[in-house]
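Across the two complexes that follow, chain A remains constant while its partner is chain B and subsequently chain C.
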Partner chain A sequence: MIMIKRLHKSVGVYIDMGNQFLKNISPEWMWKSGHYSGSSLRIGIPRMFFYYIYPDLWETFFGELGMEPVVSRPSTRKTVEKASQISETEHCLPNKLFDAHLAEVVGKVDMVFVPRVLSTIKNHLSCPKFGPLPDAARADIARGTEVLSIDIDENKRPLSKTLLLLGKKLNIQKSKTLSAIKSAFIAMESANKKMVLLNKKKGKPRFLLVGHPYVIHDNFIAGPILSKLESMGVEVELISFADDTPAKSYILWSTANKIYHKLNTLSSEDYDGVIQLTVFNCGCDSMMIDTYRQLVKDKNVPYMYLMVDEHLAQSGIDTRVEAFIDSLRWRG
Partner chain B sequence: MNNSCYLGIDVGSISTNCVIITPEGEVLFEIYKRGEGNPIKSVQQCLAQLTEKLPDRFSIKGVCTTGSGRILAGAVVGADVIKNEISAHARAAIQLYPAVRTICEIGGQDSKVTILRDGAIVDFSMNLVCAAGTGSFLDSQARRLNITIEELSSRAMMSENPTNIAGRCTVFAESDMIHKQQLGHEQKDITMGLCNALVRNYLSNVCNGKEIKPPIVFQGGVSANKGICRAFKDALQCDIIIPPYNMVMGAYGAAIIASTSCIEKTKFRGKEVSAHHIITKGFECGDCPNYCEIIEVLDEDELIGRTGGRCGKWEGRTEPREALKGTGPRGSVMEHQTCRQVGNVPDLIQIGVSKKYRLSDK
Partner chain C sequence: MTYMAIPNIGNYTIALATAVESLGIKAWASTATTPEALKLGIAAAPETVCLPLKAHLGHFIEADRAGVEYAFMVNSVGTCRLRYYRHMIEHILKDLGLKIKIFGLGFDGFKPPIVRHFDPGPITFLKPLFHTALKIKVIDKLEVAAWRTRAIEITHGDTTLLMNKLLVELSESKTMARTRAIRKKVAGCFAEIPVDKEKKPLKVGLVGEISFLRDKCLNKNIEYILGSQGIELRNFFLLGEELKNITRIVFLNQNKRKYLSKVADRYLQCTVGGHALDSVAHSIHCADEGYDGMIHLCPSGCMPEVSVRPILKRVSKDKDIPILEMSYDEHTCDVGISTRLEAFADVLMERRKKQPARPSRGEGN
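Now for the complex of A and B:
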């Protein structure tokens, strides 16, 4: 994979061969490091996509390596306003938000981290939108800032190997990287456990919320729906993507496969309803929604999908959620 | 004789409707009022009309508001129940037709389909971000043709050979319609073509994947349009029922919900509210990075309610602002923070790497 990269303003064009090591790159970088005074290297992590796919992994990993990870703030109305100014109109909402999150950390950090997520489960694929993210960042929003990138491709090598390579890329001792990987994996595991349940109290009804991890955990997209459900006293379980063994199915998309598997093994005793959260122009979801609907219908569990776009009013969400819960009460 | 009655108010995007029923569910009278974009004023005018029409011996024992402006209206009149419009419309349809299996409802900005089986909602769907399959589509096309919406309805009924018009988007429909006008199509055929386009759009967008089974009840403001009813019959190949209070079904349903929710003492602020000077005041919450716009509803100087906010901590509360402010956002959005967020980080002064992690040549 060859791409052209411009390093700082004066250095000119440099060809990055995918996993090229940073130590080879820039004399300017070296020169700058000599003038350095004070604390450790700051690395910026946009709070989108891979941040939610690997929760707590990156902060812990970079933190253990002695860097200072800096994460953008949860998405808000302001993030969306920013996104609409700087991002491509044809992108899906999470991708727009990603751009805004990236813009938020750029200028506050020495280096931003944007991995190329190609596959998160072996023999499965991620959304093709993840592929060009590092290049797009270099070309546009993070222009002039170092973009640290690595290919995350489970078909080629497992995540631990990828992280090891990342450590090597940053010129860090192997033993230190290994211990960082260990604690990062522990942190991810515990974060994954925390991410599943919203309301701890045992009550009825109990809902399952499904969707891409970066959709159901985003403050702007899912926040109003989650707080609405919470204020109505509903117990909500968010679908977990932690379990790493994919079930055999014909679906190649990693998130869609997990949702499919979850809905396929759903029991009407466990859940009183399923809410699917999707964003307006998600191609993967538009392919899968009818399949999901049919799966859940066969199990005789009520199903509703909520489509969120950047200008969806809160009242529209409230109406749908209230009516959905009303309809469950009428069923008895 | 029982002199109690129940009030249902439906504040929609285009119209504000009121219905008063007796405890037995009989409609005493109905008001349909096209609003001028000021929901508070519309509600007050409805209440004023109500004062004129309602004999003094009747007393209102319960109020329920519905529609997209339900929270604001609820604060203004003092509602006992605030209900979403899908449930309200379904309640009304079931009251009149217990066997109903599909409710099609097209309003000014919203269109919905509700699927019922054995008197319970099993599925529903609402139009998404676009208002193409709703009444506002017809409104704008009628304006374009320079006729009123009532004329559009009556002309469409005269059509024998409806023109085919692209209805996916109002913009496309408009250019297609102009093209058809230039070709010399008759206006009655074009109007019927518009009705067909709206119904086609509604069926493919809103009713996508739903089992539309008779008996079908068609209600909402657009159901008054004969052309649309005809287009529905043609498209679905079956008879559709237009209920007697088709324009005000939401308010009727709300009134029924009020009458059946066992209200002991109503919070209704009285018909005099119509003469009060009610204003709204906005402020930015600022308790979290969302910076929600909160609207306070004030009757003279008395705070009677609040709307807005994504977390719901302000909704309907009348405590002083200071008591609620600074308590942080309500609800728990996923937060697991192990490092600094960008907000706490000072701007970067010098780019660099510490010696420890210097990217050396070795």
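Now for the complex of A and C:
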């Protein structure tokens, strides 16, 4: 790093006038990324939202491009404490955690990566809170640090093209970007397969845990519940978001649509119960929970929903999960 | 007589009630959600949904109790929760066992189902619609005049009294000729109110979520409180302007949002949803025009408006304009709101005293 900075002073700024994507990028940053892509350019990735929506994709992609991805540590109680100090008070819990994760990587890295996730499936939309994320980061927490952002909008272009554009924006050779995309997709596929099952056994009660990907895979939000379920020895399946074919429904939020589809096609033979995990102040869930409950009720499958906020306590979760599972055992 | 319940959007409900007459039926509405309706809505809705849904739901429950058969709910094509309002309200009302039937504006073939159901003749259908457009224009004019006069009136309450009188007249007006006559006399009536012309009132812009900008019950009558503090307001939701924008999009392919996103480009590069982009763009605009402050209203946990708050804070710092963020939930009480607004007004007044030579670029030209 030190070497790069010194070089930058002496060599000056390299500007590739042919590349129209460079118009919006500051010269200093362009130089850093441009012809020294093999160097240790550190890119910070907050472990929230898009990190869980596209698991393992970003580290692999940036790693293959010759950068050093710095992912923030899994969220803990400390992250939440930090979040409550720095974040906007009325954000939902994941958004607060996002701010804390962002604050963790800012200062340690040369730039942070915050994409604008507008749509993850074609003809569908993301939560409106994802739209201004990079702008909010620039305005507040990541101020002074370069924020690398790109629109992920499946309605306009598929993800692979978005990644290609990102490589172009970073001024990296096309062939290198293509191979990085290939290995990133492979990594994402295997990560998606890995994440779905807990306590794989046969003959035990099987539960389905539903919720947004960044809720059910987050250490702070879902950790206590998953560890409790694990210690009780019940087989739990986490809902998978890997399948890209959307179901036809009135719901346009992509994750809500997938949860709806999963619960709609659920049968009482496959699962003994459904646990819905939601977070405080989540706008999507507040509209959808009643629909989900009705769907599951119609299938005669027991349903419980747990709302997690900043004051999550292990004992409270323990009591509720134990009571739910015990009542199911008595049900026979 | 068949009645149809329509959602409340402040004084504009008067105009929309005329639009319902185009279907050959009468409207059941009020210019503000009643506290009783809000209570009913809060009891029936899930706890975590946003307050406008509870207000609308309560309004429809109240309508059903009054024996109204039909209701109308707006459709939204945006990204926020408003899109699912009608679906959710329908379900909740069904669960409650109420028989009120809810229509949207969705098209089913050539005619929307709502028109097909009532099947009015072409003249019955079109005439009230023109009348509605005229009434919306008059209400726009009334609102703008009221913001200006209320801040400088000598006797408190004069403007509000006159405004209420004219609104009643307007709601009773059945012919376009009469509405035109009202439009003509608006300026004269407001000019008759004794005002302090020397006074230079503080100028504050109101931005945020639309039902909070318009509904007096939800926003705890914020326009009146601020006006009686001697603050000249500008509320950035005028239905006339919105409709004008929609016609422009349809016929001229000119969207005001394009201009707004150009204004806000430095701070926000996407439209977010709801009126979040408008909030940011108008705040920047007002700062440039020399406003003394901004007030940002939204229901607690509003998805688009809350997500742009960090950006508004940055605008506030960069442009040196105070922005008061108010969020409302069902426990918000009138006194709490008026205390905060009074404190804000005091801060603005002190601020102005300290920097008397603050250039106000908007006033000169």
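Convention: the second predicted complex is superposed on the first by the 294 of 332 C-alpha atoms of A that agree within 3 Å, B and C clash if a C-alpha of one lies under 4 Å from a C-alpha of the other, contacts with A are read in each partner's own complex, and residues count from 1 in each chain.
As a working rule, a residue touches a chain if its C-beta (ideal position, glycine included) is under 8 Å from a C-beta of that chain, and two chains touch if they have at least 3 such contacts.
Since the structure is predicted, the reported quantities are computational estimates derived from the model, not experimental observations.
Novice: After the chain A overlay, clash or fit between chain B and chain C?
Specialist: Aligned on chain A, chain C fits beside chain B.
Novice: Between chain B and chain C, which makes contact with more of the residues in chain A?
Specialist: Of chain B and chain C, the partner in contact with more residues of chain A is B.
Novice: In the overlay, answer first, second, both or neither for which of chain B and chain C A:170 touches.
Specialist: Once the two structures are laid over each other on A, A:170 reaches chain B alone.
Novice: Would you check which partner chain A:91 touches, where first means chain B only, second means chain C only, and both and neither mean what they say?
Specialist: Second partner only.
Novice: Could you look at A:283 and tell me whether it touches chain B, chain C, both or neither (first, second, both, neither)?
Specialist: A:283: touches chain C, not chain B.
Novice: I'd like to know which partner A:183 touches here: chain B for first, chain C for second, both or neither.
Specialist: neither
Novice: Return first, second, both or neither, reflecting whether A:74 touches chain B, chain C, both chains, or no partner chain.
Specialist: In the superposed model, A:74 contacts chain B only, not chain C.
Novice: Applying the touch criterion given at the start, work out whether A:315 contacts chain B, chain C, both or neither, answering first, second, both or neither.
Specialist: A:315 contacts chain B only, not chain C.
Novice: What does the superposition give for the shortest Cα distance from chain B to chain C, in Å?
Specialist: Between chain B and chain C, the shortest C-alpha distance works out to 6 Å.
Novice: If I apply the document's touch criterion, which positions on chain A are contacted by chain B in one structure and by chain C in the other?
Specialist: The answer is residues 280, 290 of chain A.
Novice: Would you mind writing out the residues of chain A in touch with chain B in their complex?
Specialist: 22-23, 25, 29-30, 32-33, 35-42, 44, 55-56, 59-60, 63, 65-74, 76-78, 104-105, 107-110, 170-172, 187, 191, 194-195, 198, 217, 219, 222-224, 226-228, 230-231, 280, 290, 293, 302-304, 307, 309, 311-312, 314-316, 318-320, 322-324, 326-327, 330-332
Novice: In the complex formed with chain A, which residues of chain C make contact?
Specialist: 46, 48-50, 78-81, 83-84, 87-88, 91-92, 267-274, 276, 300-301, 303-304, 306-311, 313-314, 327
Novice: Could you please specify the touching residues of chain B with respect to chain A in the complex?
Specialist: 68, 83-87, 119-124, 126, 128-129, 209, 288-292, 310-312, 330-343, 345-348, 350-361
Novice: Report the residues of chain A in contact with chain C in the complex, numbered from low to high.
Specialist: 88, 90-92, 95, 116, 118, 125-129, 131-136, 139-141, 143, 151, 250-252, 280-283, 285-287, 289-291
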